[in-house]
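Labels run A, B, C and D following the written order; every chain starts at residue 1.
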Amino acid sequence: MIKVGILGASGYAGGELLRLCAAHSAFTPILLFGDSQAGEAVAAAHPHLALAYPGVRFERYAPERLAEIDLLFACMPHGESQKIAPDILARGVPFVDLGADFRLDDAATFARWYGEAHEQPDLLAEFVYGLPEIARDRIRGAKLVAAPGCYPTSAILALKPLVDAGLIEKTGIIVDAASGVTGAGRAAKAGTHFCTVDESLAAYGLIDHRHTAEMEMGTGGEVLFTPHLAPMNRGILATCYANAARDMDAGAPLDTLKAAYEGEPFVHVSGALPATKWTLGSNAVHLTARYDPRTRRVVAIAALDNLVKGAAGQMIQCANLMLGLDETEGLARIGVYP
Amino acid sequence: MIKVGILGASGYAGGELLRLCAAHSAFTPILLFGDSQAGEAVAAAHPHLALAYPGVRFERYAPERLAEIDLLFACMPHGESQKIAPDILARGVPFVDLGADFRLDDAATFARWYGEAHEQPDLLAEFVYGLPEIARDRIRGAKLVAAPGCYPTSAILALKPLVDAGLIEKTGIIVDAASGVTGAGRAAKAGTHFCTVDESLAAYGLIDHRHTAEMEMGTGGEVLFTPHLAPMNRGILATCYANAARDMDAGAPLDTLKAAYEGEPFVHVSGALPATKWTLGSNAVHLTARYDPRTRRVVAIAALDNLVKGAAGQMIQCANLMLGLDETEGLARIGVYP
Amino acid sequence: MIKVGILGASGYAGGELLRLCAAHSAFTPILLFGDSQAGEAVAAAHPHLALAYPGVRFERYAPERLAEIDLLFACMPHGESQKIAPDILARGVPFVDLGADFRLDDAATFARWYGEAHEQPDLLAEFVYGLPEIARDRIRGAKLVAAPGCYPTSAILALKPLVDAGLIEKTGIIVDAASGVTGAGRAAKAGTHFCTVDESLAAYGLIDHRHTAEMEMGTGGEVLFTPHLAPMNRGILATCYANAARDMDAGAPLDTLKAAYEGEPFVHVSGALPATKWTLGSNAVHLTARYDPRTRRVVAIAALDNLVKGAAGQMIQCANLMLGLDETEGLARIGVYP
Amino acid sequence: MIKVGILGASGYAGGELLRLCAAHSAFTPILLFGDSQAGEAVAAAHPHLALAYPGVRFERYAPERLAEIDLLFACMPHGESQKIAPDILARGVPFVDLGADFRLDDAATFARWYGEAHEQPDLLAEFVYGLPEIARDRIRGAKLVAAPGCYPTSAILALKPLVDAGLIEKTGIIVDAASGVTGAGRAAKAGTHFCTVDESLAAYGLIDHRHTAEMEMGTGGEVLFTPHLAPMNRGILATCYANAARDMDAGAPLDTLKAAYEGEPFVHVSGALPATKWTLGSNAVHLTARYDPRTRRVVAIAALDNLVKGAAGQMIQCANLMLGLDETEGLARIGVYP
C-alpha cells in the first residue's frame, strides 16, 4: 500500500483522483486536504464516492502531515503550489502537481502569461513536465512532476511529432479547441450555470489564454490558441492547424503520428475523426491528422477526457512511473460509451 | 480465463459487456455475435473500444460455436432468445439472457403483456430471475439466468423490502420513472434523433409498458407504471408511490431499506435524494424513501445506470455468482462523475 | 403605448418578460428594476436582448417611480411583494405578481407551507389567482393578479376539469413533475452548476414542496407532489395520477379535457403524449389523459414552458385581460422546435 | 395575403419556415409539399405547430400547383432544385431556394466540390446569392434567390468586411466552426442518434466540406474549413483566422465590422465573445473580432441560429426584400434565452 495525500481533494480533479485510486492496486488515499470542506464527509462533495470512501472526511492541510504519506497529489489554483513547494521538497515526498506553477521552464515566461512574478523561480528546474509520451524517461524516477494542462496535453500530443519530423513549420500554428464544463472548475459562477452553458458554444480567453505558453514550450512552435466552452461535462477536442514545411502525401501526417505513438498504451492514432465521447472516464487520447495540398496546411486533431488524460489520469500515470509501478496501473484505456 | 460469447455484441448493452469484461480478471470475450455487423471490426460499432479489442471482429451466430465458450451472454430483442434457448440448454453452457423472454414466471402473463404466445413455455421455470439482492442463493450455481429489465431492477429494489416489511399496501403502487436514451436502444429512429430528445421530457408507453409485468412479479403488488424519456445518455430514476399499510415514523421506510441492504456491495441507502449521475458507469444503486403522514403515502426512489446495474453490470454480477467468482469482480461501485 | 415597469428584471422571468414585450404591440418596458444590477446595461444580464434594448439600464426601485408607469410586473423571491404591495395599491397601478406572496387564499395555509407568517394577510383577498383558463372573468378588469407557479399551472390545468366532471377522487392525487433548470432561478449555486445537472435526473423538495398548497387550492383535492430537476433549460412535464371516481371509458378523461378547453387559444389537448420541447418559447400547454381500467387510475399529463406559460407568458396573458387587450397579444402559440 | 408554397416542408428548415410564417403579417403557407409525408397532418411532423396549423396536410408536388401561389420556398437536398427550376422559371413565381444548386457562380466550381456536373449551368447566373447584408440591392426585386448555407453565412459575414478593408490577406484563411445537430438534418442516422452526439464533440467533413466553395466565393479568399458537430439543437459558431495584411491596432478589426454593419437590423457587433445561445430562434448574428500583434493574426467570430439566419429566417428576409416588404417583417432580433 502506497499512502496518498491529495491537496484540493474536494474539486473535480481531486474527485477524479479518488475515483481512480479506488481502482488502483497500490494507491490508497489517506489524507484528503480541502480547507474549505474540512470536517465534511467525502460523499458531501462527491456523492458518487459514497460506496468507496464511507466515513472518510476532508482535513485541513498542515505541512507536518506530509510525514504520513508516500505520495502527494495537488489539484489547486495556480499560485498555491508555489507556497508549499519548499515544505514538500524539504520532506522529500514524491509530488505530482496539477497546478500551473511549475510547468513552464522559465520564470519570465510565467510572469508574462500569468501576470505576476514567480515566487520560487529556482524550483522551476526541479520539476519534470509530466507528459509521459514525450518525457517518459525523465518522469521515471523523478520526485517532482508538474502535470500538463488539459489543453496543452491535447495540442502537444497532436503536434509535436509533426514538428519533430519536419512536416510542419514552427510558426503560424493555430490550436482551436473546446472543453467540457468541468474544465472551468467546480466553483458555481454565472459562466458555469447550466442555463448559461447548455445548448451554447462560445469562445473565451481569446488570444491570451495562459495555456498558450505551455503549448509553445511543448511543441517548440509559435501558437495562437482559442479555447471554447462546449455544452458537455467532459472532453477536449483540439483541432490544430499548421503550415506544411514541405510537399507530402495527404497521409504523411497520419503515418508520422502512428509511428511516433506505436506501442503507447493510451494513444490511439487512426484515420477516423475522433470524438471526445470515446474517451469518457479513460486515460485514452485519440488522434488523427491529414495534409491538404490545396491550402498547404496540415490539420491534426486530438480528443481526450480533460479530467483523466488531461488531469487526474495523467497524474496517476506519472506517479506510476515515478514509483516504478506498471505505467497503466489503475487507468482505463476504454471510455464509458455512450 | 473464462471464454465468453456475446450475442448482440454490437448493441449498447453488448458494448457495455465488452467494456466491463476488459476490466474483469477472468471473463475474456472470444466470440462476438452480431449478424448484421458480421465481418466488421469491434471498433466500427464501438469506437471507444479500439484500444482494448484491436483486430476483433463480429461474427455470425451458429449453434455449434457454443462449444468454444464457457459462458454466454445475450442482449437481443425479445423473442430471439426463445429461438436459441433449446440449443443452449442442450450444450449446457452457462447463460445469462438480458432479453425479456425468460424473465416472467408464467406463459400467460408473457402472452398478456407481450401480445404473443411464448414459444418455449416449458423453459420458463428453468431460468432464475437474476436480481442478486433478491435471489442471490438461487443465482449462485444456476445455469440459466434471465437478467431483469432496467426499470424493474430499480422499482423492485426500491419497493420489495417495503412490501415484505408490511409497510406498504400491495395494491395501488405507482412507479413513475425516467430513462436516458440508451434505454431506447441503438437503432436510429425519429424518437432517438438528438433533436427529438434533447431539451425535452415526455412520457411513453402509457399504462401498458411491458416492464409492468416484471414489477408486479418482483414486488408481489399491483403496479401502474409510467416511463419517461429524459435528455441524457444513461440513468434511470424511479420515483415510486405506495399507500401506507399502517402508521409509521417518517423515517421508517428508510430504516427498512437500510436494514434490507446492509452489506450489499452495490446498494447505497441514504436520506439524500439520489441523482442518476452518481451512478454513471458503475453497478451502484442509490436508494432513499420517506413516509408522508399527511397523505399517508410512502415515496421510495431509486437511481441507477440502466446499462450497468440495469443491464450489463447485473449480467456480470450474475455470472460471477453462477461461476463461483467474487460477486463484485470487474464491477465498479463508483460512477464517473461529473 | 402602455408603459411597463418590471421588478426583478435581471432574472430569468424578467428577461422573458422583456423578450415578450419586444414583440407586443403595446407593452413598452421603460423602468427595469434590478437593485443588484442597478446601473448595468440590459445586455450585461441578457446578452440576447442587445439588439432590442440598446442602451437601456437597470435601476434601483423607488415607490414614487410607480407614477411613471401604466402596468407593473414583479418577478421576485417570495416575501418581497408583501413589502411593496401597500405602495402599489395606494398608487393604483395594475400589478401582476409572479411571486408566491399573494397566490394562496388564506394566511394560515401560507404560514404552514412557507414557514412564516404573512405580513399582509388582509391583502390576500384583493388578488385574483391569474390562471386565465380557470378564472378568465375574474382576471378581466382586475387590478391585482397573482400569477400561478409553474408547477401548479401544469397540474391544475391537467386535473381541474377531471375533478369538476367527477371523474376522479379528490383524495389521493399524485403529481410527479420535472422542470428544466431555469425553474431553479438565475443564482449560481452548486445545484445549478452545469456539471451537477447535466446528464442527471433527481427529485428535490420531497413531500413538502411549497407548490403543493397551490395545487390543492387550484384543484380542490389533496395532492402529494414530487418535483424533479431535469437536464434541460426549460420545460415542465407533470404526470398526474388520480383514483377514478367511477367506471368510465379509457378515453373519457381525454374527452373531458377536450371539452373543457375547446376554443382556448393556448391549450392543445390530444391523444399524443406531449413533450416539453413542443412548447419552447411559447405560451402553449399540451395536455393528454387516459383511464386505466386495470388499476382504476386516471393519468393526466401536461407540458409547458416554465418561463412562458409557467411565468412571463401567463403574466402577459393576464395583463392583456386586465387592460382589455386581445388576450393573445404578444404571445406565441408555437414553440421553437427543434 | 401572400400565398406561400414550401417544398420540403416536413424537414427542419421547412418547419422553421412554417413557424416564422405564422408570425408574419403577409406570408400564408397554403401548399406544403413533402412527398414522403403526403397526406399526413402537419402536426405529425411538427408537433409544436399543432395550434397554428390545425388540419393542414402535406401534399405531393406537381408543377401545375405553382399557379396557386405567390411565393415559393424550397428546402431540399442538393440536386433537387435543378430538376424543377425550369418549371419555376417558366411560371415566374418568386423563388427562394435553400438548396446548394444555385448558390455558386459557375458550374465548374459546383462540379469540383459536389462531384457531379450541374444539370442547369445556364441558370446559375439567374440566381442572386441571398445574403442581404452583402447583396441587399440585388435581392430587392429579384425573382430567383439562392439562400446561402448556414456555415457560409457566418463565415462571410465575419470575414468579408475585413477583406474589403484590406486588413487581412486573402490566402491562408481558416474557418473552424461548429454546428448544432439540426444542421445534419432530420433523417435518423447513426450520426444523429442522441447517444452518438450528446456529450461529444467531433470534426467531420475534414478538408473537403462543400461549403468551402461558398465561403471562397463570398469572401474572395482561399479558405480551409473544418466543421464540427456540437451537442446542441441549434447554433453555429464560426471562429475564423486570417493573416494580417498590415500592422493595426488590436481593435481595428472590431471597428471595421462595426462600421460595416452599422444600422443592420440583425447584426450585432461587440467586443463580447458571442455565444450561439443568444441567437436561438432569432435572425440575429453576433460578431466580434480582434488582432493579435504577437502572431500577426486576426480572429473573427460569428454566432447565429443555423435554422433562422442560417436557413429559414434568411429566406424570409430575402423574400421580404424581393416582394418589397419591410425586410424585418416576421423575424425576431431576440433569441429565446436561456
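For this structure, a couple of remarks:
Convention: contacts are C-beta pairs under 8 Å (C-beta built on N, C-alpha and C of every residue); 3 or more make two chains touch, one makes a residue touch a chain.
Keep in mind that this is a model prediction, so the values were computed, not measured.
Chain centres computed from CA atoms place A at the largest separation from subunit C. Looking at A-B and B-C, the interface holding more C-beta pairs in contact is that of B-C.
Between the CA-based centres of subunit A and subunit B the separation comes to 35 Å, rounded to the whole angstrom.
A separation of 45 Å divides the Cα centre of subunit A from that of subunit C. Subunit B and subunit C, compared by their mean Cα positions, are separated by 38 Å.
Multi-chain contact residues of subunit D (touching two or more other chains) are listed as 12, 182, 195-196, 198-199, 231-234, 274-275, 277, 280, 338. Across the complex, subunit B meets subunit C through its residues 172, 174, 176, 178, 180, 195-196, 198-204, 206-207, 222-224, 226, 228, 230-235, 237, 239, 241, 273-277, 280, 290, 292, 294-295, 297, 299, 301, 303, 338. Against subunit B, the residues of subunit A that register as touching in their complex are 12, 15, 19, 22-23, 46-52, 182, 198-199, 233-234, 265-266, 268, 270, 272, 274-275, 277-282, 284, 286, 332-338. By the touch criterion given at the top, residues 12, 181-182, 186, 188-190, 192-199, 231-233 of subunit D touch subunit B in their complex.
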